[in-house]
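Each of the next two complexes has chain A plus one more chain, namely chain B in the first and chain C in the second.
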Partner chain A sequence: MDLDKLRKTAAEVVAREDVRYLLGWKKGTFGYRIAPGFVEDAESAAELIFSPLCTANLATYLTLTEKPPLPRGQEPDDRKVAVMVKGCDSRAVTQLLIEKGIERESVVIIGCPCPGVVDHELLAEKYPETEETAELKWSDKGFLLLQNGEETEIARDELLAEKCRLCRYPNPVVSDIMVGEPVETWEPDDDQGVAEVEGKNAEVRWEYWQEQFSNCLRCYSCRNVCPLCYCEDCILDRLNPTWIYRSVNFSENTAFNLARAFHLAGRCIECGECERVCPANIPLGKLNRKLAREVREKYGFEPGVDPEAEPFQASYKPDDPEEFIL
Partner chain B sequence: MSAMLLSKEKWSDFVGMLAGKNLWAPRESDEGLRFVPVAEGEVPTLDYNNTRVPPKEAVFPQTETLFKFKVGGKDLEEPRPDQDAVLLGVRPCDARAMHIIDELFSWDEDDPYYLKRREKTVLVGLACNEPGLNCFCTSVGGGPVSTEGLDLLMVDLGEKYLLEEVTEKGSALIDEVKELLEEADDNSSKQKDKLADEAAGKIKRSIETEGIPAGLPGLWEDELWQRVSASCIGCGTCTFLCPTCHCFDIQDETEGFEARRCRMWDSCMFREYTLHTSGHNPRPTRSERTRNRINHKYSYYVDKFEVIACVGCGRCINLCPVNIDILDILGQVKEEI
Partner chain C sequence: MSEKPKVGVYVCHCGINIASTVDVEEIASFARDLPNVEVARTYSYMCSDPGQNLIKEDIREHGLNRVIVASCSPRMHEPTFRKTIQEAGVNPYFLEMANIREQCSWVHDDLEVATPKAKKLVAASVAKVRLLEALEETEVDAEPATLVIGAGIAGIQAALDIADAGFKVYLVEKTPSVGGRMAQLDKTFPTLDCSACILTPKMVDCAGHPNIELMTYSEVEEIGGYIGNFDVKVRKKARYVDFDKCTGCGDCANECRVKDRFPNEFDQGMGKRSAVYLPFPQAVPAKYTIDPEQCLYLTKGKCGKAPKCQEVCGVGAIDFEQEDEFVEFKVGAVIVATGFDPFDPSKKPEYGYDDYPNVITGMEMERLVSASGPTGGKITINNGEEEIEPKEVAFIKCVGSRDESVGNEYCSRVCCMYTAKQAHLVREKLPDANIRIYYMDVRAFGKGYEEFYDRVRRENVRYIRGNPSEIFKRGNKLVVKAENTLTSTPVEDEVDLVVLGVGMEPRKEMRDIMDLLRLSQSQDRFFLEAHPKLAPVDTATDGVFLAGCCQGPKDIPDTVAQAKGAASSAMIPLARGKVTISAQVAEVNEATCRGCGFCVEICPYSAIEMVTVNRFGYEIEVARVNEALCKGCGSCSAACLSDSIQPKSFRDWQILPQIAALGAMK
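On to the complex of A and B.
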């Protein structure tokens, strides 16, 4: 990835009169951390990076932006928001377009073809973090780690994030501007995580999820980080009626996690952010990917690929064969 | 107060002798490291950095039933927390955090639930020989061998643990296991001081807090809050995993005719936290909420209790999904003051 080109493109985009700010990745405050950057000028654009550390899906900020009531006489800022997207992130933008969560004219999509990002936990486990911010680059063999003045070559398989092993769309599916050449796609791995759970009988599966959901702290980081969890009135926040009690116990936690999983069926684009941010390490990816596969196999629908598609959960076909419905 | 030595060879005997006491210790599982009651026959290891969820949950559980009742009934059934507990391997920062929030829970009205548990719980600390990447306890009044809040401090001297009594509860615990212990000599205390100095030297991150509590009120309308909260997703990770965060909500919940009034951790980072019945929200966006989080720890609490309500454990920095870093925020605060 040519960072100069990326920064130059970003600077040009934010200089446009019709663009409010640009969402990109910046170095974080320590170690391997990456911070989402809100870029408004060329100076700030010069800090942008794109590297195998850039796991965050910035599309989430397209709907997360708050719109508090404006002082009398003040007009809302309706300028476009530019967003840098990897392949998976671009699917989130596309899915938002499908659902009319955002309007096409409201965004400038800057596509960043992605050879795959790393699993941060694995990286920190194998190559301990130091307080200095480290750099990680894509190399022929996989990754090149630059930490405290030392270079370490790391094989791709050693650190590649699970979501990337399963990825079928490393190149952005929608973009206004592409930075860099498309990457060669790869044969996705079999989804061993899902297969492993499927291979167990119902009782064992129930025990497995019981243990996982019992660990949930209900911090809602999974919901909040999710680019497709953007309901203004979330079922979880309702108090009258209280669909899900605030008590943190297995029963309520399960209601929460299952409600979220079902609401994401046919909508989750498998960016893996929920699982990455979960402080209780709940394998949410397995749950979401299982539902995604059901929808793909049974309904032939894949979310976030075709912006012209009808939304899966809100479409009806009179000639639906309904072969598997009893 | 006296100091004793425990040979690591006798560690499992030590744990065994405390087994009947509702013993809690960190355990590694799928979710990461967390304080849990020690299972029968389990010998917990103290070879760890720190738990994700702080041990405050042992005295201030995430969800606590205050009383139960039947819908339409008048009788209340009140579960009383009256079980003794021993927490093994509490880091000095986390014990200090409990010491700090003791002030709040015994302020205008005593909180019987918290205080009862605190009274019944013995905190056995473990000094930090290897601080974590984002530890900054020494900047906020703590340190690798701080004993505030602890009843007993253990220091890993390599082949032995040094056990230092801090309170009478700690002495009583030592008396119960005396047969396993030997008297500490001057050498152990020197070794401890050396390790403590080394550990403090390994702490890489810091903040000079002077001026922050006095300066924060003047930054109320400052643009910095927008800047530092721009990427905040509004989740509860920073507050739920904070050892000093102590806010809770109270709810009545029913299942059929069975009802309970319970309280559960709440987070000032949630929109719902300050939402009025009218629909008005005095903290309408994440920037006001972030401002509150910082002000509560570094200004309001200092005004009221003369102590910063942050112990520098680094959890909020380590686990924030979007790298919002409290030291970075405080650095920007200092620049603006």
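On to the complex of A and C.
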């Protein structure tokens, strides 16, 4: 990735009159941390980076923009927000377009073809984090780690995040400006990483998920980081009726996690952010990918690919054969 | 809710329908102990007059303000009891039906199982009824006009009935003439009156009727709105002939440079016509039309030095500059009478329809025997070598009907009789011919049909029970290979002419109409009626009615009967002048709606639209329900991720306590 080109493009975009700010990645304060960058002027664009550490899906911030009540007579700021996206992130943007979460003319999409990012936990485990901010680059063999003045070559398979191993869209599906050449796609495993759990009988699966959901802290990090969980008033927060009680126990935890999974069926674009941020390490990706695969195979719908597509939840056909519905 | 709920519970015996499997007295005494229940009673037939009076008296005496009727499905008697409590001064939407018949007594045979279940259902209803809201119905004016789509016999009849009653009718026909399939038929079974003789007067009537605005060669482009207030847009396709000037003299067709080059649709392609044409001599209106895909001038931009039609037309009616016109109007009701397509026998290749010129369809046979047909009514056929008068004629029935292999499981209801009729006509014209009919069953169910079938059999027409497996050529003859299943003998009959008794199929273009009016199809792919027995001309869309073969195969008497039914149904809102809008509709919570539009897409009645509202200075889109179109089906609610749209009376906070009550009981 040519960082100079990236920064130059970003600076040009931010300088535009119709652009309010740009969302990108920048170095964090120590080790492997990466921070989201809200770039408002051309100079700050120099801080931007794009590396295998840039796991965060910045599309989340598109719907998080605060809209405080405007004093009478004041016009809302209608300028565009520019956002840097990897392949998976671009699917989030596309899905937001499909379901009118954002308007096409309100965003400038800067596409960054992505050869795959790392699993931060694996990285920190194998190459302990130091105080100094480290750099990680894509290399021919996989990754190149620059830390404390040392260079370490790391094989791709060693650190590649699971969601990237299963990725089918490394190149952005929608963009206004593309930075860098498209990367070659790879063949992901057919099973989408769910075959192992799927293959077990219902009792074993129940035990498996019971264990996982029992660990849930109900911190709602998964919901907050999800680019497609953006209802201003989440029904899981409501008191009348109370769909899910606040008590942290297996029953309510399960209801929460399954309700979220079902609200994402046909909408989840498999960016893996929920699983990444989960402090309890619940394999949420498995749940979401399972549903995504069902939707793909049974309904022929793939979220976040075609901005003109009819949303899955809204595509009822009277002549649906309903073969798999009892 | 200001007033304290006072609930009355009425448990119906429904004769023995409920009482034989549910201990109704026990249900009533159980209900008396439920919270807010003032009175609980049983009665043999709650829906009867005395049953309803029981409820009314209790409302007066005990001051009831909520009523639960534990009886049949709300689809059956909810309207009845709503009216009952309304008459006694209670809001009709303060009623809850506990379905202890269809969902309880009918599906169980053990008193010990059904009674506790009925208790649960009643307890759940009590939990919900306290939370119901008072809803008000509204009335809107109905436009006293009807749109009829399709001008075959069904459309013509419906239009005439409505127009005669004094209401305006817009009759829209896709082809240049009214008449439809019936106009193509020769004689009609079982009375053998000539189709044209009985149809033509009706065709002329509908063209001249002061209340009918006839639009031929036109198609419906858009229909919006709802019962009483449909907004219709019709495309009048360019005829390239001035409608008012044309006298129908036919000089243009005679002089056309491509005279008699194109297959005539009316003669099933057996006759020829020019690029400028009148579909058939009795066409109404008797105005010529230029086919833009065939006319030399319109396709190539050049027709000799000047188009001959233009030269010879004495009134200067030919107008190549004409363009499609759009007409918009309002109607209160719509009748769909779009008819059928004959089955395409190419889908049964074993019968060789595509290979042999002397294998023809029943519709082609109609034209062949018709005096106005391509042969002037003489039965001659090209056997691939020469034009002959057939000596051996075979009819095959159930082609494309009752046949799962082509996806048509249904019986087309006319083929048995038209085959018998055609056999009779062949016998009349070719007294010495050998006539065989291959059949599976003979279904002669209508008035005078069985008698006619008997008559034809006595006319030396051989009925052979067996469905032919194959037709192939031997010398200059066709061989029909079949098994006579009555004698269990294989037969190979050499014949000169094979007539395939093709059935009816839904129109290929019916998808367009479905999308326009949000209609659905039944299993057989014809339009789905609202109820197969009790609402056979109604559809799921209020104010839209079905007539004729678009709803399913029918003969002419049934088609006319249904058309008259559709006409009188369509006139109900027209005559009343008003339509009542149900109050049980969906409602949007604009504060939480995130404007995704899932509900708009999923609504089967196009009842939801996005509107822009100002929220604290920001223009945002939210969903809004058109209450006149909404049927309260709840599809929107299921699609909404933020729970921002819910049907009134079925809101979460009304249903959840109901479910909780069900779950609370052991």
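As a working rule, the second predicted complex is superposed on the first by the 317 of 326 C-alpha atoms of A that agree within 3 Å, B and C clash if a C-alpha of one lies under 4 Å from a C-alpha of the other, contacts with A are read in each partner's own complex, and residues count from 1 in each chain.
As a working rule, a contact is a pair of C-beta atoms (placed from the backbone, for glycine too) under 8 Å apart; a residue touches a chain by one contact, two chains touch by 3 or more.
Please read all numbers here as calculations on a predicted model, not as lab measurements.
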Chain B and chain C placed together on chain A: clash or fit? fit
**Message:** According to the stated criteria, A:N215 is in contact with first (chain B), second (chain C), both, or neither; which is it?
**Reply:** first
In this superposition, the partner of chain A with more touched residues, chain B or chain C, is B
- Item | Which superposed partner A:L70 touches (first chain B, second chain C, both, neither) | second
Review point. Should A:A314 be classified as contacting the first partner (chain B), the second (chain C), both, or neither?
Key: second
Going by the contact rule set out at the top, does A:G300 touch chain B (first), chain C (second), both, or neither?
neither
Checklist entry - Looking at the overlay, what does A:E99 touch: chain B (first), chain C (second), both, or neither? => result second
Query: In the superposed arrangement, which partner chain does A:R33 touch: chain B (first), chain C (second), both, or neither?
result: first
Ask   = So, A:E232: does it touch chain B (first), chain C (second), both, or neither?
value = second
Across the superposed arrangement, the tightest C-alpha approach of chain B to chain C, in Å, is 6
Footprint intersection on chain A (chain B / chain C) at 68-69
Per the touch rule, the chain C residues reaching chain A in their complex are 520-521, 591-592, 594-602, 604, 616-619, 621, 635, 639, 641-643, 652-653, 656
Contacts from chain A onto chain C in the complex sit at residues 67-72, 74, 76, 99-101, 230-235, 238, 240-241, 263, 310-311, 313-316, 318-319
Interface with chain A, chain B side, in the complex: residues 29-32, 52-53, 62-63, 133-134, 204-205, 230-231, 233-237, 240-241, 249, 251, 253, 262, 264-265, 267, 270-272, 284-286, 317, 319, 321-323, 325, 327-328
Given the complex, residues on chain A that touch chain B span 28-31, 33-38, 56, 60-61, 64, 66, 68-69, 129-131, 211-212, 215, 217-221, 223-225, 237, 242, 245-249, 273, 276-277, 279-282
